[in-house]
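Each of the next two complexes has chain A plus one other chain: chain B in the first, chain C in the second.
Here is the complex of A and B:
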């Protein structure tokens, strides 16, 4: 059953030098109990996609297309309706646990706030629920009193509070924007395990944004690769990893530190993708990846490749898929 | 929290001591004979000798300093030469005018400025924000005595709502006394409120960019709820710093404003004491005013601790 379906989402920013398109024709879908991984290098628009889903794009940005949550178009909903949905149906976990919590409000109140707002619980009921939720994410009330302030917790513990806040009202979709980037490796693994357990237990959908392909391989059911505001490849995680039809996906994969050393006793040096992402204002007419691509032809710099279906729900936007796959 | 309090109290006492030393030394190094300065060159030699003895000028400076400090602590402030009454009595009569005036002015400026600053920030770059910022700019530019004169012209002369000056005295009842402080309090408060509005506005605008405001919005809070419940409290931390700093300007303002409104307060007393070279009164008053500034800063420090839990404990993880 499709929970969330994003159709032709475009996000534009009106600046002094004209309109600049930060997201272009993004299509994504997510079912109940599933995890969708969104990967791409810094600045490609992953966070923009997340903010569009929760309806909190920065001022001056306009979104069009469709974001359907159980069939209801969020881009058409008014602010009041969005306030009802945020935290209740769609919840968000942010990248920086150090700054995502209000430093002057006790953690219990921060978790209970959504419960009181959306479910109309009394202060006492909300606090009971909050302590249950905190216990579920690994912060039992015996050791982590509701009256603690964020500065009294470590980064990993704070991220658990943020997750508890997101979970509190039992949302249908959880959007986690690089939930572990700011944490050290062991804590990262714990937080990811927690997220995976939770979607199993609550049956919600998870949109997991990351630039770590290892995390995507381990955690997600489907994945989408973004480049310069566009999707370049998406599909079931297993299939995308098997074929890696788009040269950018290959580049990302080759640039992964843990993979390149796998199976060999000596660490091979890290591969990087040459060049950098074209700025949203000065994108070339053809494929945005053309200047960095080893397979580029004349056609690539003239025309924009559209998404082509390669197999069951697996798509890639490249003219030279055959060449890319041969070259492997 | 207790440790915090003790530390602040020690700081408070130390600052007061330093203030007393500075005041004493400044008056000590003034050239010439203080008694002669007070009496003027035409003074009779026996009056001069009597005053010198009373001021203890025949004793070494450090003895006089400790006698003076001891007197300050026990409330024995000496005797005013020009008024011929104990300084403590003189100050006591004036404090009941100046203290309510200062409290009223501070309250007014806070009550006006903080909501206006928050509202301006929440309407960032909209008409209301621009109007409020413009009004604040105007308020900053107007000196308080000129503003006082405008207030007198409007409310006392034209509308005849409140008296133009003088103090009814608390014996006349609460309302008449408060009424005579109303215009002076506004005259003191408005220029300060103008500054405070701008500080509040920029502080709120800064906090609104913080991640936790976005988190609050993601929880489903409306813009206004996120603003008032999450942003304002964080934004007040720099605001109370300015509030503390403003207090000393407020005291300086009372010297002028009490003269404009003929209020028998400490500011006017200081002004008259300086004009009449009553150095005993000047010395005590300056320490008292410095002490009140230090005390207000102590209260501001407590305010930080109330607003910001990070300052209460020494930090540290569970």
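Here is the complex of A and C:
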């Protein structure tokens, strides 16, 4: 069942040099109990997509297209309706657990805040629910009193509090923007396990934003690769990994230091993607990846490639998919 | 490279670094915390030695102590046989040209008000003060060239560069004194994966081309695995396991090393934790 469906989402910013398009024709969908991974380098529009979903785009940005949550278009909703939805139906887990929490408010009250606001619970009821939620994310009240302050917790524990805040009202969609980037690998594994358990248990949809392809492979059901504000490849995670079609996806994968268990690959040069992500004002005409792509032809610099279906729900936007596959 | 050198370039012997904590009570003895607790290792010339561990395990304190930026409570750091902490300040300063450091954050480690030329040439002011302007400029140009930047970039400010290019500037600043040892504390953790690959290639290239020795500190196991010859795993201020990189990673002995390696996400969805869990209620995890 489709929970969230994003259709032709564009985000524009009007500047002194004309309108610049930060997100261009983004299409995504997410079902209950599923995890969608958004991948790409910094500046590709992953966080912008997340902000659009939760209705927190910075002032001055215009979004058009559709963001349908259970059939209701969030882009048409007024601020009052958005306030009802945020935290209640759509919740967000931010990247930096150090800055996402209020340092002078005890954790129990921070988790309970949404409960009192959205569900109208009394202080006492909200506290009971908050302690249940905190216990669910691995912070039982016997060891982690509600009166603790964020600075008394470690990075992983703080991230658990942030997740508890997001979970408290039982949202249908959880948007997690790089939830483990600031954490150590062992803690990252625990947090990813927790998120995976939670979406199974509550039948929630999870949008997981990350730049780590390992995290995507381990946690997501479907994935979408973004580059310069556009989707360049999407599909079920297993299929995308098996048949990477877009040169950018392949480049990201090849640039990772080897994870294979054979030690023979050490110290060989890594494959790089030359150059960097073009900023929104200086994107090339045609394919946005043309300046960094090894397979670029004349056509690529003239025309914008559209998403083509390659297999079961697997799409990529590239003119030279056949060449890319031969070249591997 | 393959002839065993009798003397290691860097010897760290039983190094202890303590931080004093506030007294528990007014008349109680001051408590101290051992951030680095009796660490010993040797690095041979031309090799790269990796130190991995989680945040708070003492790896950055170790790097700063090796650089002589922090005073150890006990133990010795020998660079080419010379004890870094036994030297008078002046001698230490001139020894500094032999070992340089690259920091983690390429946004914080370059002064935004200085042009790249001044940033890169700064170590020369202390070490070779009688170099003429033209010579200095030439040397900056050559060093920038060796890290893949243009000599003309010397006239630009740090804000004009991307993260990867800034890290190249930071590496150029370390290289300009022609050091034999570079201590790199998380040099690629602030970078995107494609840019990270460029900087790692540069480091490997410099090592083969100029015979540099690296002490490479990182929390990213796949990076350390890729570019180091030997590795030490740190936990709570102590080295729990050390050895040739491929051996430590393929056959980890210590349980902490095993759990650290096991936690690294594998970019293969068929081995994912989601599948494991869907099929996993049947037994092992």
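Here is the rule we go by: the second predicted complex is superposed on the first by the 316 of 328 C-alpha atoms of A that agree within 3 Å, B and C clash if a C-alpha of one lies under 4 Å from a C-alpha of the other, contacts with A are read in each partner's own complex, and residues count from 1 in each chain.
Methods note: a contact is a pair of C-beta atoms (placed from the backbone, for glycine too) under 8 Å apart; a residue touches a chain by one contact, two chains touch by 3 or more.
As the structure is a prediction and not an experimental result, all values here were calculated from the model.
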Chain C versus chain B on the shared chain A, clash or fit after superposition: fit
Touched partner set for A:238, first chain B, second chain C, both or neither: second
Chain B versus chain C as contact partner of A:276, first or second or both or neither: second
Partner chain in contact with A:221 - chain B first, chain C second, else both or neither: second
First, second, both or neither for A:125, with chain B first and chain C second: neither
Partner chain(s) touched by A:7 [first = chain B, second = chain C, both, neither]: neither
Of chain B and chain C, the chain that contacts the larger number of chain A residues: C
Lowest inter-chain C-alpha distance for chain C and chain B in the superposed arrangement, angstrom: 9
Set intersection of chain A contacts, chain C complex versus chain B complex: none
Interfacial residue positions of chain C with respect to chain A in the complex: 54-55, 162, 164, 192-198, 200-201, 204-205, 219-223, 225-229, 245-247, 249-250, 259-260, 262-274, 277
Chain A contact footprint on chain B (complex, rising order): 210-212, 214-222, 229-230, 233-234, 307-310, 313, 315-318
Chain A residues touching chain C - in the complex, by the definition given at the top: 35, 41-42, 155, 184-189, 192-193, 196-197, 200, 211-221, 237-238, 241, 251-253, 255-259, 261-263, 265-267, 269-273, 276
Chain B-facing residues of chain A, complex: 54, 56, 79, 83-88, 91-92, 94, 96, 99-106, 113-114, 117-118, 143-144, 148-149, 151-154, 157, 162, 165-166
